[in-house]
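Take a look at the structures below.
What follows is a pair of complexes built around chain A, which joins chain B in one and chain C in the other.
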Partner chain A sequence: MVDVKRIQEGNYDLLTVVGDVDASSSIELDNAIEEAIESGGKKFLIDCSNLDYISSAGLGVLEEFRKRDITMIIYGLNEKVANVFEILGLDQLLVIKQTKEEAKAALG
Partner chain B sequence: MKYSYKVPCTKEKLRDIRSFVKEVLDKHGISEVDVSTLVLAIDEVCANVIIHGHSCNPKDSIELEIKIDKSQNLEFDIIDTVDLFDIATYQEPKIEDVIKQQKKGGIGLILVKRIMDDIEIIRLPKKNICRLTKKIELT
Partner chain C sequence: MLLTALSILFSKTSGLEQSVGDEAPPILMSLFIFALFTFYKYRIERAESINFVDLLWKVFVTGLIATIVSLFFQLVMNMLGNTKLAENVVFLDFIYLSNFGLVAAFLISTFIVWKRLILYQKSRFLLTAWKIFEYALLVGLVMNALPVTIVENFEDVYLIILILVGLVLSVNMKWVAYLNFKQKWKSILLIALAMFYLGYFSFTLVSASSEIADKTDAFLDIRENIFIIALVSFIFIYALFSLLVLLFNLPTSSVFEQKLEEVVSFQKLSQSIQTEQNEERVYEILIESSVNTVFADAAWIEVDNEKDGPKYYTHKIDVEGIIKIKNHLKANKIKGILDQGIDKTKNLNKYLATLRGSPYRSMMAFPIKVKGKQEATIALLKDVSEGFNKENSKIISTFSNQAGISIENFRLLTEALQNERYKEELKIAKNVQSSLLPDEIVQDDDYSAAAFSEAADEVGGDYYDTYRINDHKVAMIISDVSGKGTSAAFHMSQMKGVFYSLTQHDMSPKDFLDSANNALSRCLDKASFITTSYYVFDTKKKQVEFSRAGHCPTLYYSKAEGKATYFQNKGLGLGILRNEGFKNYIQIDTFMYSPGDILVLYTDGITEAKNVKGEEYGYDLLREAIQKHSDAPVEEIKKEIISELYAFTGTEAIDDDYTVLIVKFN
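Right after this comes the complex of A and B.
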């Protein structure tokens, strides 16, 4: 089960991901980001501080959006979730920051 | 010690599978990070079998067996009646190539191969077993 909340803050959209993103729930994350892009969003912060678990299905969703014409910064990964990104080397491909402040600064 | 768990082939059961694996591993004093990566590897294999092997048919089921010996040798058997994808001989591609080719499933298999020490497919007359093994260093 995953919940994705979206708040427009200034010139970016903040997406807060809460719960587990697995093969069953990754479609929810996919739909939420897709809707945010369709409504004109170009800059996104993804708050993962309440993301408890992610499997390859969720990583695939984030990776796919990286290739779109948007800016996406991820922040707040807990140690276990960050470890999954590192095992795959996705921490080198995606822009990942520790805090919201760092993420906002990276957004420009 | 041996633990077993049988579930219907639906994606919604993946959460229960993860809870079962975590519960078992927590009993054996395995570190939180090791538990989380092992849970992930089992989740990936089970998701693969449920989605690609059984098309999420709730009338089918898969069985998971976990064996742990005193030296913290872990053995996970995913037991199934359909022909399992031979992950053991799967040649790991570069992550960039998987992403470029949009092969989402490929990411899961890379994770399993990187987390586990060994992966073996055992084909028996009426069932197939995907056996994942991992030695945990005692602290």
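Right after this comes the complex of A and C.
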């Protein structure tokens, strides 16, 4: 199960992802980000500090949005989740930061 | 028999010496009756049809034939007038005996029919009583045949007993209840005719025998025959009883028919759950059965449908009329009629009477519930006030409950079938998937290899394969397709195609992955990707070149160092970056191998396998397991790894595919 919350903070949208993202719940993540983009958001911070597990399907969703005309910065990955990103090579494609401050700084 | 009796009579009257004994005729007569009994017993009792009217018809026909023949004799007698032949006692006896034979046939056949009627829905007691009666009659028959008269009064007493037993048996009239109105009328007619025949025969025989008795005493007088008298009495009594019971039952037959209709309707509803019928059919049967059983003048079923609005099944009323009634009820604030909870027989006359243009004065409605949720409503209308009684309300309530159950069952059945179909599809996908895996691994003098792959219940997308490029080069691949199910199996087959078409060109691992990414980018779903590691073994150089495309890091055990490590190299899954930039994320690694070294290829199903506590098997346990069993032959290492993995998870059921390929260098 996954829960995605969206808060508008300054010039960006903060998406907080809580729980597990597996094949079925990846659809929820997909919908939540899609909705945020449709409502006009261009800059996103994705807080993954409470993301316990992400499957390949979930990674596929995040990877999809990389191709869109938006700025998306992910932060707060725990060691295990970071490892999953790394193995697949997504750490080379997505902007991943350690903390929210770093992420905000990267957003500019 | 006829002949002997006549001969005796003839001899006696002629004063000639008898050639046959006195006792012969009664014995022969008894035998004749017995033969008739056996004949009819087999003919009527064994008859398959239990149709009561048919049975009575048989009685009627037998009687009719007997009467016609007997009337023919009478006619002959009349034609002869007062000729000498008509005076001849032998001739009279001949006529008499012939008549007797016919009557006996009629009596016996009727007796057997009565037996069937009485024994309809028999009990053990009734069966015993009947047997006693039959044997008693037989004894009467035998007594008749014996020339000796034991006690004069005894025969009379015995006769009375027989008649009494017959009387007791005659109260069994259960069959009458199963006749409908028309059948009852027919039966009354047939029984009345049978009684008429009986009376006519008795009269003919008795008068004939008294006539003969005036002239000679050497003949068979049926007036003395216990068997015949008892039989006639019994048949008469039962016929009389039946006639009366039938008459009295005539007015109630419609009730019985209605009950029968209810049972049939109920059965129809229950049967409508068969697969070829659908929910619509259940509603159709419900409305038809309900209207027929309570004699409603109009009826409708409203099926709630959130999407397309309500659907109506109607009987002698149109949707416009229904809406008019519904609106009228709403306007008058009549609650409860179209939902459950109140007395359905409530008098709605004063409400319905105010609805102009509608002839209906009473109404009842019941919900049809499926899994406790009201899915439809059945409403019945009658054009008289207080048209439905409590009984009607109970029946319709039962019907609508049964319809609900039928629909529920029907849905369960459909669901089960779909489930079955889904399972079948998965099975096919699984078969396809397993057929994509190689039957054997390319072996070489430089190494020995063993593979294990177990698919989860839901089809996954693990793939491994080997290919000999030339005499000193072997290619090896391991892949994991993202996602599960049939699409994963489909992508896996694409991966296999890519592998076989590219590997034969003897490419470097990096070029191989770049070309594979290029090819797969054009065929994978938008969010799908494949992780892969590709290895090229060069047995001349004793080295392995490999590249990783987002797949789990390769585990390598070095015998010299005595420990296993994971290669840390960069990579990116196939299909993630679908352009030229992909090759920038791929690197080539090379290592030299020496005897005793072990290369372990696996998929994340292994490292992510969880135990009951939710802990993952992880990289460390896998590494330790390889180190522990590094000295064993490759097959054994494989077995140990797998059994350790299953021991860790504590279950045979797996969430993800397990694939492991172990290569041990010689």
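Definition applied: the second predicted complex is superposed on the first by the 108 of 108 C-alpha atoms of A that agree within 3 Å, B and C clash if a C-alpha of one lies under 4 Å from a C-alpha of the other, contacts with A are read in each partner's own complex, and residues count from 1 in each chain.
Keep this in mind: contacts are C-beta pairs under 8 Å (C-beta built on N, C-alpha and C of every residue); 3 or more make two chains touch, one makes a residue touch a chain.
Because the structure is predicted, anything quoted here is derived from the model rather than measured.
Colleague: Applying the document's definition of touch, where does A:Ser24 land relative to chain B and chain C: first, second, both, or neither?
Modeller: The answer is first: A:Ser24 touches chain B but not chain C.
Colleague: Looking at A:Glu79, would you say it contacts chain B, chain C, both, or neither? Reply first, second, both or neither.
Modeller: First partner only, chain B.
Colleague: After lining up the shared chain so the two structures overlap, which partner does A:Glu63 touch, if you call chain B first and chain C second: first, second, both or neither?
Modeller: both
Colleague: Looking at chain A, which partner touches more of its residues: chain C or chain B?
Modeller: When the residues of chain A touched by each partner are counted, B comes out ahead.
Colleague: Please work out whether A:Leu88 is in contact with chain B alone, chain C alone, both, or neither, and reply first, second, both or neither.
Modeller: A:Leu88 contacts both chain B and chain C.
Colleague: Would you mind listing the overlap between the chain B footprint and the chain C footprint on chain A?
Modeller: Residues common to the chain A contacts of chain C and of chain B are 23, 56-57, 59-60, 63-64, 87-90, 93, listed in rising order.
Colleague: Taking the complex as given, what residues does chain A use to touch chain C?
Modeller: Per the touch definition, chain A meets chain C at residues 23, 56-57, 59-61, 63-64, 87-90, 92-93.
Colleague: For chain A, which residues count as touching chain B in their complex?
Modeller: Of all residues in chain A, those touching chain B are 1, 20, 22-24, 53, 55-57, 59-60, 63-64, 79-80, 83-84, 87-90, 93.
Colleague: Contact residues on chain B for chain A in the complex?
Modeller: Against chain A, chain B makes touches at 11-12, 14-15, 18, 32-33, 36-37, 40, 43-44, 47, 50-51, 95-96, 99, 102, 104-105, 107-108, 110-111, 114-115.
Colleague: Looking at the complex, which residues from chain C come into contact with chain A?
Modeller: 480, 482-484, 526-529, 531, 549-553, 570-573, 576-577, 585
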